[in-house]
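Two complexes come next, and they have one chain in common, chain A, joined by chain B in the first and chain C in the second.
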Partner chain A sequence: MLKSWKTIQPYALVTPQTLVLVLFLVLPILMILLVSFWQFDGIQMIPGFTLDNYKSVFTSDVTLRTYLNTFKYVFLVWFFCLAIAFPVSYFLAFFVEDQKWQIILFLVCTVPFWTSNIIRMISWVPVLGKEGLVNSFLTGLGLIDQPIEWLLFSDFAIVLGMVHLYNFFMIAPIFNSLMRIDRSLITAARDMGASGFQILKEIILPLAAPGIAIGSIFVVTLVMGEFVTVRMMGGGQAASIGKMIQTQIGSLQYPLAAANAVILLLVTLLLVMAILRVVDIRKEL
Partner chain B sequence: MAKISRRQVIRTGLAAGAALAATRCARSEAPVGTPNNPATGPQVNTNQTKDVTLRLIGTGVSQINEVRDKAQEDLGFKLDMRALSTEENNQIAITQPKQYDIFDGEYFSLPLVVPSGNLQPIDISRVKDYDKIVPFFTQGKFEGMPVEQSQGTAPYRVQYLTGPDSKEFSSTPTDYATLIPFQYNADTLGYRPDLVGRKIETWGELFNPEFKGKTSILDIPQIGIMDAAMVAESLGLMTFADKGNMTREEIDQITNILKEQKRAGQFRAFWKTFDESVNLMNAGEVVLQSMWSPAVTAVKSKGTECIYAPLKEGYRGWGGGIGLSKNLSGIQLDAAYDYINWMLEGWVGSFLGRQGYYSAAPENAKKYMSQAEWDFWYEGKPASEDMVDPFGKTLEKQGAVRDGGSFKERFGNIVCWNSTMKENVYLVQKWNEFIAS
Partner chain C sequence: MLQKRSLTYYLLAAFFGLFVLFLYGPMLAIFTLSFQGEEGTLTFPMKGFSFYWLGQVFQEQRVGNFTDAFWRSLALGLTVTLLSVIVTVMSALAFRQRFKGSATLFYLTIASLIVPSVLVSLGIGIVFQVLDLETNWFTSGLGAHLTWTVPFAFLIMLGIFNRFNPSYEEASRDLGANDTKTFWEIVFPLILPALIGIGLLGFTLSYDEFTRTSLVSGQKNTLPLEIFGMTTNVTSPALYALGTLTTLFSFAMIVLAIAAYNYTARRQSQ
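Right after this comes the complex of A and B.
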């Protein structure tokens, strides 16, 4: 009796999570997959099986251009997130001695999340706009005569907005893996005469790799599906896959939107797999 | 890292779960008067509709607390309003029919919503003031003004259904209506006179290189395309057989024109919601753009000058109305008809009128408006006193004149309406191309 309970126990433990995932993740995705093969006559969906939705996605050059544009955002946001997150985590992990201060400063990194996404993005307008803070400051100093227009409603603004939003998703895992590095390794390396740069290259970076990989997965998947920031910061003039799907849903073209969503999911999974091929994150877990 | 033990987390989680469960249980109590929860004393039902709650969905224009409170007070039953964007509103109307009793939507949504069969035709004989509705909605007539020839999804084209269970529009009046008009307006371009420096009199100005990087249009395909068509026609860039029902070739041509303009940097941004258009204008990001009337009012009320330009080509019209869910029956349906009749009775019309919208039955609204208000909003006369909106904000100072003039001049000169075309799917595809270009 006791033994059979022991064998059941792990299954009982995973049941709730499995149910939640099946109900709220697997089933909806299957629904999307199903709908992506349905027909749409301009007014309503007709259950059936057609490849027309996929055909129209793959034959349109807009799809390719929109994907390229989305990849551009993914790369830029990932690059800048990493460029900011690594030094920040490094500072937190190695320069802040007191654990209390580490936690406080780490929490400070979450400040951008204390207000809603939309409010954060709307607040950029008075900062970056033609009559905004930055422009009036620069004109006030006499550095420019005309307001700089590319500060807002541009690719620059989109990348800025997303880096601001998603940086924390990079900081947290990198900080976590840096904290796990055995300090005696660094002491040993120093004793053996390694320079600061050598320590960084030979010890810290390899050991931080899983954290970087997890952070990259977060950032890449988030940016791939992004549409709110793209619309608000891009002034509606820039395209991303998420925004394209949103426009299609807004016009009730669910099957086409579903087909796009399925493709987006596959492309994103490919990207995640590529990251996992490069770094073995199981070391982290 | 933070020392929160697992036990603590579990305990908090359990407590939260228990609290949720408790509130759920409390809410699932049966309504008073049903067998599971008998009323405490003898009860005489004189007004059966008083236990009814009607759920409304609609755009922010009409889902206003003041309207709800007044309706509840006058009618005795409860209203539950949800303010949604135009797109969400359509989506719920079509895909979640059980979520609403009354649909408050735009006429151009009807070619999408009606085929879903989620609305029941309105029995016109039960609508008391139907004959007082502006005849353009009911018969397509308006004193012989240009609006009678307007293109697009004009309300009267989708006003009637062929029968009591029909999903087909009737081109001639029948006894069954799709929507009872609620509010509508004539849209045009808005501009900042302080930054433009001269009068704007034609749609063509939107593509004028003088305003490069300072203009904006709507990023809703069915509306944005109509604005673009007005501009292209005005500049003689192209002509349409029927703007409200473009052919694929016409859609190709107009999106190519839009793409060219975008590449040349004509647009500063595209907007999708009311607030965005207000912010763009108020922050000076944009000096000339396609706008909605209350958005212009909102810009003005922030102390920024803004003109809602009457243009020589005419206006783009839009209209919204109230439809009934097919789920309504019995006393709930009675209550819904009560609401429709209340809405036409005039109080709502005056409430909307003070914000610059037009009411379906203006003569009823007039009863609730002061002479000064009526003269300003409907007659196009100079304000004999300050114009104050229903929320207490002063919109216009004494002596001001409404841009575009009287109701007849503005409404009568609508030349096209927001449209759902036969080629709607193709339009959305090309629109996405334009955005991605």
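Right after this comes the complex of A and C.
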């Protein structure tokens, strides 16, 4: 009796979490898959089996253009997040010596993540708007006569907004891998005459790779499904897969939205698998 | 550690400074503009200094109602927090040993974090549609929030139990206490401050969540959805004032969370 309870116990303990995930993650995704084969009569969805939704996704050239545009955002946001996160984490991990300060400065980098994304996006308006800080500063210096229009409601603003929102997901895992690097490795390398750059390239970068991979997975998957930033910072014109799906839901075309969502999920999974092929992250988990 | 106070140090420090400015600059801009004079607009310069717009937030608005949305978000956040903490304490207790399927559940939890948010929202929307249920912030919205807060809480919880010294429990068991008693009298009091910390972080995640809720909140909006709706309508600094107030509220939660976490860490190292 006692022995059998011991074996059941872990299963009993994980039941609530499994239920939450099955009900609100697995089941919804299975339903998306199912509904993507259903029909739509202009008012509601009708159970059945048709490949029409997928056909219309694959035959429309809007789909391809939207994907290319989404990939553009994914690449740019990933690149800038990495370009910011690595130097920042490198500085925190190796140049800030006092551990207390290390923690405080790391928290400074991460606190905005726990506040509202919507407010953080709104806060760019007085900075980048036509009469915003950047434009009045540049006009004041006499560098430009006309305010720059593309600072807000443009692809530039979308990428800037996403880098602002998502750099946390790159900084946290990279900082974590850098902090795990055995400091004696670096001392040894320096004793053997390695330059700072060599240490960075031969020791730190390879050991930071799993952190970079985890951060990249987060950033890539977040941007792939993005529609809020695209909507708020892009001003109507900009297109992304997430926004396309959201528009289709708005007009109640659930089967078509579902087909798009299935393809989005597959593409996202392929990207994640590609990252995992390059870097082995198991040690980090 | 590396060549101290070298050129690299100063370059990296300057880069770090710019990054912090990038992170907080825009936020400071709207904080400042919240105190815009009554005649002021959405942009600089400041036309005087007043608390007029902060006061406006609490007035009945033409285009929306913050107060009701705030109470909804508060109620939802507290429910989500409580559920996330209970669910993840249980699973983290189980994860201290290997069991069949533990890897699957672990990866499923991570998947919940990285699956594109629009899929969660669409999927839950479709499930409710097919079952002919009405979407509501406290049903479908609650589920959508849990897919976001549970993985975070779970990962932090694993970290806490990793550092938990099992000898306390062994001692308790040796003295004849059963598992339930051991948990409530030994483990729970020791991890309580950390639980409060995790709870507060989960709360801010839920309180500020937008994407996953956006398609499944039903008729009544949570606060972030209400604010999103106002961005197109409200053209006065009241929008910034609201942003300032809700951000300060989040900050307060974060500070409390960090304090609670530190308190646990100190107690465990004693």
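What we mean here is this: the second predicted complex is superposed on the first by the 265 of 285 C-alpha atoms of A that agree within 3 Å, B and C clash if a C-alpha of one lies under 4 Å from a C-alpha of the other, contacts with A are read in each partner's own complex, and residues count from 1 in each chain.
Here is the rule we use: a contact is a pair of C-beta atoms (placed from the backbone, for glycine too) under 8 Å apart; a residue touches a chain by one contact, two chains touch by 3 or more.
No experiment lies behind these values; they were computed from the predicted model shown.
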Contacts of A:G140 with chain B and chain C, given as first, second, both or neither: neither
Touching partner for A:A257 - first (chain B), second (chain C), both, neither: second
First, second, both or neither for A:S60, with chain B first and chain C second: first
Contacts of A:E97 with chain B and chain C, given as first, second, both or neither: second
Touched partner set for A:G129, first chain B, second chain C, both or neither: both
Touched partner set for A:P87, first chain B, second chain C, both or neither: second
Partner chain in contact with A:P28 - chain B first, chain C second, else both or neither: second
Which partner, chain B or chain C, touches more chain A residues: C
Chain B versus chain C as contact partner of A:G193, first or second or both or neither: neither
Touching partner for A:G48 - first (chain B), second (chain C), both, neither: neither
Common interface residues of chain A - those touching chain B in one complex and chain C in the other: 122, 125-126, 129, 131-132, 249
Contact set on chain A toward chain B in their complex: 40, 42-44, 56, 60, 62, 65-66, 69, 103, 122, 125-126, 129-132, 149, 152-153, 179, 231, 235-239, 243-244, 247-253, 256
Of chain A, residues touching chain C in the complex: 9-11, 13-18, 20-21, 23-29, 31-32, 35, 45, 84, 87-88, 90-92, 94-95, 97, 105, 107-109, 111-112, 114-120, 122-127, 129, 131-133, 136, 164, 183, 186, 196, 199, 217-218, 221-222, 224-225, 227-228, 232, 242, 245-246, 249, 254, 257-258, 261, 264-265, 268, 272, 285
Chain A partner contacts - residues on chain B that touch it in the complex: 1-2, 87, 90-91, 94, 111-112, 115-116, 213, 216, 219-222, 262, 267-272, 279, 283-285, 422-425, 428-429, 431-433, 435-437
Complex contacts: residues of chain C adjacent to chain A: 1-3, 6, 8-9, 12-13, 15-16, 19-20, 22-27, 29-30, 33, 42-44, 83, 86-88, 90-91, 93-95, 97, 99, 101-102, 105-106, 108-109, 111-120, 122-127, 129-130, 143-144, 146-147, 150, 154, 179, 201, 204-205, 207-208, 210-211, 214-215, 224, 227-228, 231, 239-240, 243, 246-247, 250-251, 253-254, 258
